[in-house]
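Notes for the one structure printed next.
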Amino acid sequence: MREITYAEAIREALRQEMARDDSVFLIGEDVGTYGGAFGVSYGLIDEFGEERVRDTPISEAGIMGAATGAALIGMRPVAEIMFMDFTTIAMDQLVNQAAKLRFMFGGKAKVPLVLRTPAGSGTGAAAHHSQSFEAWFIHVPGLKVVMPSTPYDVKGLLLASIRDDNPVVFVEHKLLYKTRGPVPEEEYTIPLGVADVKRPGKDVTIVATSIMVPRALEAAEALAEEGIDAEVVDPRTLKPFDGETVVTSVMKTGKVLIVHEACKTGGVGAEIASRIMESEAFDYLEAPITRLAGLDIPVPYNRTLERHRVPQVENIVAAVKDLLV
Amino acid sequence: MREITYAEAIREALRQEMARDDSVFLIGEDVGTYGGAFGVSYGLIDEFGEERVRDTPISEAGIMGAATGAALIGMRPVAEIMFMDFTTIAMDQLVNQAAKLRFMFGGKAKVPLVLRTPAGSGTGAAAHHSQSFEAWFIHVPGLKVVMPSTPYDVKGLLLASIRDDNPVVFVEHKLLYKTRGPVPEEEYTIPLGVADVKRPGKDVTIVATSIMVPRALEAAEALAEEGIDAEVVDPRTLKPFDGETVVTSVMKTGKVLIVHEACKTGGVGAEIASRIMESEAFDYLEAPITRLAGLDIPVPYNRTLERHRVPQVENIVAAVKDLLV
Amino acid sequence: MELQRDLCVDMLSQMYKIRFFEQTVDDLFARGLVHGTMHLSIGQEASAVGSISALRVEDYILSTHRGHGHCIAKGADIKLMMAEFMGKETGYCRGRGGSMHIADIEGRNLGANGVVGGGIPLAVGVGLSLKMQGRDEIVMGFFGDGAANQGSFHEALNMAAIWSLPVVYVCENNQYGMSMSTRRAFKIEKMAQRAASYGMPGVTVDGNDVVEVYEAASEAVERARAGEGPTLLECITYRWKGHSKSDQELYRTKDEIESWKNKEPIRRFLELLITQRVISEDEARKIEEEARRTIGEALEYARASPEPEVDTILEGVYA
Amino acid sequence: MELQRDLCVDMLSQMYKIRFFEQTVDDLFARGLVHGTMHLSIGQEASAVGSISALRVEDYILSTHRGHGHCIAKGADIKLMMAEFMGKETGYCRGRGGSMHIADIEGRNLGANGVVGGGIPLAVGVGLSLKMQGRDEIVMGFFGDGAANQGSFHEALNMAAIWSLPVVYVCENNQYGMSMSTRRAFKIEKMAQRAASYGMPGVTVDGNDVVEVYEAASEAVERARAGEGPTLLECITYRWKGHSKSDQELYRTKDEIESWKNKEPIRRFLELLITQRVISEDEARKIEEEARRTIGEALEYARASPEPEVDTILEGVYA
């Protein structure tokens, strides 16, 4: 199968869905001619025009409100917040409006929109351009949260997210944009709420999200050389969360390491760990559930510090070994 | 000892600290003549004047920014956001500015401020005036998060928070404002990061926050009648978190129920559960760690639904019994 | 303006309904029959009715925490509204929303809003959608003077302006955001001056004169419908009651309140209609009684309506 | 204005330093010697230098993502600045901040900011604090044209105005917020018109004329210091380089860029100084060389500086 990048897969999903459905449009800062800060929507303005690929002023709350209002009366906006750090400015519109309108109105309205936003560090952009806030959004009823790790997944999940009738926070990762993988040319959807076992194994389960999935796979290869057979599970969507796949894996391996980039305290690892503990897998646990996550510090600028802020392949390898002793 | 209400204890702390330290001032919507939506700062404007008890326009981001800027050059603002739901509007100033400036500047600045805000449901105010977002803030390095449950604690913790050199999110609960309890007249501080065993017991540990503390205590009394001796631990501050007190309790009882009002998914219960699991208490667990928390829905208006949205005394009793079978 | 009889009867009737609705719910609250809080617009009826009367039924509105008037003026079924107010299953929002979140989606009222300024950006989206879909409808977005100091106001008005969206923004300036007077919260005389920042027309009218409001709103609506973009319409008015149920009203004087009672919008309109012989006193009395009856029936309906079932509590979060 | 020699020499020197600093870091980046991104203000030196020259050393500034110029104009030690740029332990922020977060707290530069519009409300707080403490200093808050559409701009300017704070807001209008031209992002001609919304004076100047900027800023500073409240000063300028390191510059023409190069601020000022005989060509050359040397030394210092130790990574989060 043809290989394309994660960024190209997103662009292809956007293009196909915009061609298929007139109600889909893009809105965000510099999404038009500039193509977005990471070039993801590059070229779409030429195909679909500036009405459907709409550049906005720097007004994140306005963008989120515009998307929400448009969704309320029949459009399917795909909004972009240029860095996940700036969802902080759009929180009221996202959390109080988009997420809650349906419930508050007794189920009589719907808000089908996608908020695409790149998270994560590793680009030397420091504390205001490197954050990962997915944990905030799983705490908000009414939102769905998707966090794809491969070109294949990002296309299928984005198409599913746009077609979903609810507000979806779609978390991309800057370092994944240039990663390549096989992606079918035709449209396909991956249902929200279905995890994927990226590598089967029997000795230990590694639950990893986003950029941590390729790192976990690399770690698993290194571990394999030492005779440790790790299973890597990618939840893909954090809300709804496919507890079953994770629990099944843990019941098989008896040990689990959860890996994410966001700060450890209050991160999604805590929720995933709790779900495992509350499941039938509890009795199968041979070791405490372990979390490996970002340090509880803002992302530093210095390249070496930045790298140490976030789990790397070697940290995953070491954490798995700690778990097995 | 004299008994006063939780609201009066807050007011007393504010008054004493403003009298002691000229750099302390209040800023927020209607904190002056109105006394705040819940009357907490009522009367202080008469004592300290409108410069130090400053009414603002309805501009939550502006309030948070004003407090942060003032703190940067030597004041100790106590900002109020009228409902915790509206911290959504101030998130950039709180999370990207107040919390991070010190780290980003290499430790060369400090931001001593308190953000007071009432959380919680039970007043019939529906989905936009009832939320509890403490889980978001423990996920933000640079912030401290305090959540007092009694008049005694609220006074001592508020004084400690104002004197702390970091931004502190101080989460009050609307239903606690009128609760009464003994409070010394003199100034005293309770260090941030020290939990309190509100009721010793040997059969099961209940870790409860905010309004759930009195409910857990009531549940413990009911359980006592059935011969179950519950220990109730109130973390009081969620960040820094006193893991030791919780872990010691769990090692004694072998069973733990965590209770909070905020939505279960992604709530602080997940973090607390994970900390217990990662501690030496893991080997002492006789049952899975259990979370009892708010349903994953926005807060409904209808009184009965609103009540069912949130753990009540009877739910705590039932959950403890479930845990013990 | 020449006073069209049908329109005037309609406006008078709506103003009465709003007044009686609010008096009724105020009483319910006083008697402990409802919980929560509410924000009454007694004294402000002309701004809701005058502006919304300039719309077509298929146009949209976005309302505020002080939204009963908008809801009634937009043609809501007051039975369902009252049921919502009382938290009943038959209410517009199945009892989930309450006073601060009543929405009548079919009637194209996209809801009250508990967040001050929260609805202003939503109106941008609705306007954008209408424009992109090539539709003929417009949207009217309400907010208060207090909300005009929210960042959302600024971002939204700019977006509506640069994209020439079919939006009419109506600021109901009742002189206070809770206890904060406009005198203290603004350094300018007229909030509508701010329209100039966005390159849109700004108009200030006597918000207690329903005819003046209607005329200004009609112009703005026409402009929006013609594709000429948004307008900011400021209605100067006053709320008679406290801000909400917790208000001791220490920030204003009795005299001030009394002086505004002299500008009472319903009586003013009524006198005009009678002097100009648009309707007779007798007709007026009938309109008033009819309005009173409607509210009475709504109250009965709401009272007799069932509460939501607890086992439906998880419904409606996701589509 | 009569051109005071000392001031002029100082301003010229600062403009050169900014220019050379940015050319140097641009080169470092091109050669892969630094990571991350950066925002260069080449072509905009006059607005930073002209406005900050109107301040006293003990006054404060709050800067932006495009903040090298402000930092230098405020009197930073360029060695520490360059070290920060290169992520070294000796840098102003111990290498934690980088280009987008350089702060020189002692020099009363309260920092660049990665959030567009993020610093605008901070200036309110600084102004408030200065006023409450009865101090004589003022604060100057910078932001771009793009930031003027953030809600934070609106809330902050209103608060600064109603409380008459000692703040000067300087909008560096370089015609674009990333790829979004002011023509598309605003429906008004001059951003400074927005000052009227807050009841504060708004002034627009040629931001490439350092003398004009200095004069307008001086007036605003005087007003702020006299307790007469804030001013919004708009400096019309242009950035020569791409927005940041990812910019293909498809949204503007080469012609447009060239036309602005004709308005080059340093040469313009230099010619004025020489024609008016404030300094000689020879003196000018010395100032330029001195500036170049300063940057060269800073680069050497930064290069020779150590990286932060990994085991200090947790430091500085809490006080």
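Per-chain numbering from 1; labels A, B, C and D assigned in written order.
By definition in this document, a contact is a pair of C-beta atoms (placed from the backbone, for glycine too) under 8 Å apart; a residue touches a chain by one contact, two chains touch by 3 or more.
Given the structure is predicted, the values throughout are model-derived calculations rather than measurements.
Asks: Going by the touch criterion stated earlier, list every chain that contacts subunit C and also contacts subunit D.
Replies: A, B
Asks: Based only on mean CA positions, could you tell me how far subunit B sits from subunit C in angstrom?
Replies: 36
Asks: Where the centres are mean C-alpha positions, what is the separation of subunit B from subunit D, in Å?
Replies: Once rounded, the distance between the two centres reads 40 Å.
Asks: Pull out every residue in subunit C that's touching 2 or more other chains.
Replies: 93, 95-97, 101, 113-115, 118, 149-152, 155, 158, 162, 184-186, 317
Asks: By the touch rule stated above, which residues of subunit B touch at least two different other chains?
Replies: 56-57, 59, 61-62, 85-86, 89, 92, 96, 103-104, 126-128, 141-142, 296-298, 300
Asks: What topology does the chain contact graph adopt: line, ring, star, complete, or other?
Replies: complete
Asks: Once bound in the complex, which stretches of subunit B touch subunit C?
Replies: Counting only subunit B, the residues touching subunit C are 29-30, 32-34, 37-39, 55-62, 85-86, 89, 123-129, 295-298, 300-305, 308-309.
Asks: In the complex formed with subunit A, which residues of subunit C make contact?
Replies: Spelled out, the residues of subunit C in touch with subunit A are 60, 62, 91-97, 101, 103, 105, 110-111, 113-115, 118, 120-130, 132-133, 151-152, 155-156, 158-159, 162, 315-319.
Asks: Considering the complex alone, what residue numbers of subunit C touch subunit B?
Replies: Touching subunit B: residues 34-37, 87-88, 93, 95-101, 113-118, 146-147, 149-152, 177-180, 184-186, 246-248, 250-251, 307-308, 310, 313-314, 317 of subunit C.
Asks: For subunit C, which residues are in contact with subunit D within the complex?
Replies: Touch list, subunit C to subunit D: 149-155, 158, 161-162, 184-188, 193-194, 196-200.
Asks: With touch defined as at the start, can you tell me which subunit B residues reach subunit A in the complex?
Replies: So the residues of subunit B touching subunit A come out as 61, 85-86, 88-89, 91-92, 95-96, 99-100, 103-104, 126-128, 133, 135-136, 138-142, 239, 241, 262-263, 265-271, 273-274, 277-278, 282, 288-291, 296-298, 300.
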